[in-house]
């Protein structure tokens, strides 16, 4: 049983952590749900779905060292740059930190500094951090106190292509991803203003999204591949569909390709491999920690594989809890058993 | 621990039962998931969200008496008229039956026959049936073997207005309800064809929907009130928002009105009472068995109260499981702990 | 041919005016499209749909008197209170003013001051203003220089119920209206943040929305009727569906009821009367100046009539242009011929 | 002035033709709107948006030769294979035929037969047919009596990439397209059942969609390029967003790239070129014949260009009317002036 803190609990990923922790069998208590702006306000006023689950928990704003001392594990769901300021104190306090920001995701601090345009505040800690994609780094996650939870797009993209890359089947992969609007966070903006986006679908940061170096880093560990990535905002609330277009001199049948994925992900509790020709559905992963992978089409020197995740769950808070489970030796699926919906 | 059968498991309510039963702590096994049309097909091929949860369960089509013999409880999720043909056999087999159709919802068989335009096939059983809204009939539900699970609209409407009616605060209630498209079932039709309905919102059966007599029957037990009802198809997947417009010589403050609801529903595990002025949100009940009730506005001889439910959960399959829990003496929230989403 | 000015051209109603005026056969030029914040910026940068139609028009911020002098007609699409500060100068300049705000909609200034909580800045002008619903006030509109363009909800509500009220068929009408999100304007807010509203539908200001006194004023001129109104935010972009629930000792067949509407609106260019039982569709009025009226159901002392409008067109800018056409003796449908879509 | 016939007028493209022809200045009359199934029914009962525009036109089912004799131009909006059976008779009657099916789109009948799996019924006519994309084939369109109107996806894809390919900037183009549900037609199916698709987004026919050979044929005329294509069903009604991922040893600045497009499409009435970094918006082309092209990003040997069209207008019926305008020497924009919406 662990005592948990959430630093930055007023946003969507903070709320999703609260939702999933409410019934987690190994969680003794969520002791802190911080928000400077909302200090003293009950968390359920911001997350009314949790009215019954946290009747008394209020947003607080204590000292990070204190949070680290009182908690076994702290989730940091704050913007990048804010996280790296906090994490040293949290670690000093003695907690395991699972950081949902980008601050500790890069093996090479220079890459971070180049893509995020800031100086890293804790480069010495960066070396201890493990990229928290359990399907690729389960063992390292078990042995670290600082887990860098992956970005939403990288989670869907890496899991869609890892077997392809590791097998050396393709030379180039172009990820064309479509995200629901909750990926933009709880703060209103023109981009997610309903009249503007509800019947539209647009690419953004088409060649230079900050999740690109993250995908490149992880796939680069698996094989030699050229990686491109273009995200789109799609008119739906939760979910990322990623279509991975792989190019190469591919000689494989769709059935074999699927078999390759089945073997690669054998035993993985959160990867569900679809049938050949079956597209993964966003409603089937909604609210869950699953990444469904499917399609498995081959034609004219191209392979197409698609993945579906919930950007707030497997793409953020669900994966963070999976990381907690791995790190603390809990059942990996603890608190994450939701099977998904139809429809 | 109970063995369960689902008669009619290929539709949305059947799938929702499977989803909720998959993790129910008191369910030993879902032994039957019937579908004449899909016999022999794995259930996950129709409900791909349940791929991992029912790897081996296939649709079957056994004799109803056999189902009744093998199961402790059987959910019938078939169209009206089909249910009343099956239920006698299921009961004869020895199972408790929770019928999601309209066939046993009316105290007076004549009302059923008038509104549904068919002769009742089992009028003698109708007297044993209990209207399965636990908030109103918990005790009778405990003592019957035939539970008539309420309609989706009636659930939202009755729960929104029961305290008003029982207190005699209003003379007339007009329910203006807006349902998501999953309420129309899994079978495609022009009405739910995405291009036709996605940016539209239309009333249908405005004065003569079959759920009207159901609402009248139940509210009529609580007080003397004139009831009207108009449903609408709204462009969302899951959820029913019901706005109850109560008319009468009302002398009450919104705060008192809310207090009345808090007391009326005190101890109810699935009714969450919102703050004064707070509208219940459909995302907060999505996939859950909650009915959130709120708004509590008063003005010019009118009271407005609104409710939000998920039409497939509290409006159908979740409530059916709540009824099972009540009937078998399980924890009433067993298998129904999902708190809802934000967003 | 007229020269036109638009005061407040950066919002949705301003943009809709620009769209409709671009091809209006009697418009010589849109000379001003004002915006203090965006002065000097091409209008098409804010309204990219109009890239080709206004290649050179820039947002400007001239003196109101000057605008009034240079233009034959000025549309004021600014928030309430801002309009009443500007209108005197525009009129002084010599222009006809069509005001899309609420500032001049009330016959009785006291009603305005009570509901809007401000002192009226130009009460002497208020008497000259005509409520610009051509179906009810066409003759007065022809003779005034200050037209108060109706609110979006009142347009749909009044047109849905006017024949009912004028015929004295009902004693009470409850309007339950559902609006698309564009009704909230172009400024992002939590209410219209896509993740919050896209799968939700909520009532707001259920007994005290500011459009209520407007509906009461206009229907009160037609007959003696008790009026209630509750608006809802619905997950669609453009359109208001209004369900009018009329109560009374009604003795009429749906067919006769429809006939009554056909006669009442005989010759009206923008009212399309649906068949008995046919719900008006939002896509059929989208982008158009039509108000489709239908349903015509009767039962148990209740009448149900529904209307559909596009909140930005018949509910705002289209109606404003209709008012210009009436006032200047143009063909009433000039510039407003768009028939609507399917789907 | 021309007399027009529409063969197959009950579907969405038929309805869209009726909508656009209703106000076309060069159309004397729409004489035929055929539908075998709906013979004798007023067209507005199926397309209620056109209630006022075609009060008397009924679906009819005359002999094709007769239609060809009575009309100057006939649009065939019927499924592939049905078209090639009809077209010879229509041409024999003397009409110009604009065929919205795939039957005459391929220069090489063998390609058609291979991809559509049927024998061509009128191979001798195929040679006369011109691929009706005016931006590429305006002169040939003027001189033929049989215009093969392009597919919806190919229109968006070809226009997005033509300048890239003609300039030889890229070696490979992968088109990742996302279509609204109206592209699937008016017939309900599971794929477009609202509960299934409204919060989902899925790829289909990822390597072998029938529009692929059409795109390859046309781009192949412009340059030597490897073409791939994957379509997706997106949760919106009207619109196709196409992201063209071009690979090659590209040495160009985004600004130059945009300039290239501006020059390439100079004078084109329906191509609007966006600014660098500006994504084309689906609402800005909705209901219009525009193809907006934008984004113009370059990075790491990749070019990204995106296009937006309305699949029923520029992607089908609007383009068909543009083809009529070109063929008959009318103003090319006649009947197609709608500028689009915001929002």
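So that you can tell them apart, the chains are marked A, B, C and D in the order they are listed, and the count of residues begins at 1 in each.
In this section, a residue touches a chain if its C-beta (ideal position, glycine included) is under 8 Å from a C-beta of that chain, and two chains touch if they have at least 3 such contacts.
Remember, it's a predicted structure, so these values are computed and weren't measured experimentally.
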Chain separated most widely from chain A, comparing mean CA positions: C
Chain pair showing more contacts of the two, A-D and B-D: A-D
Interchain centroid distance [CA atoms averaged], chain A/chain B, Å: 35
Distance from the mean Cα position of chain D to that of chain A, given in whole angstrom: 39
Inter-centroid spacing, chain D versus chain B (mean Cα positions, whole Å): 45
Per-residue overlap in chain C, given as positions that touch at least 2 other chains: 12, 180, 182, 186, 195, 198-199, 235-238, 281, 283, 343
Residue numbers on chain C that touch chain D, as the complex places them: 12, 15-16, 19, 22-23, 47-53, 182, 186, 199, 237-238, 272, 274, 278, 281, 283-285, 287, 292, 337-343
Partner chain B, residues of chain D touching it in the complex: 12, 180-182, 184, 186, 188-190, 192-195, 197-199, 235-238
Chain B-facing residues of chain C, complex: 172, 174, 176, 178, 180, 195-196, 198-204, 206-208, 226, 228, 230, 232, 234-239, 241, 243, 245, 247, 279-283, 286, 295, 297-302, 304, 306, 343
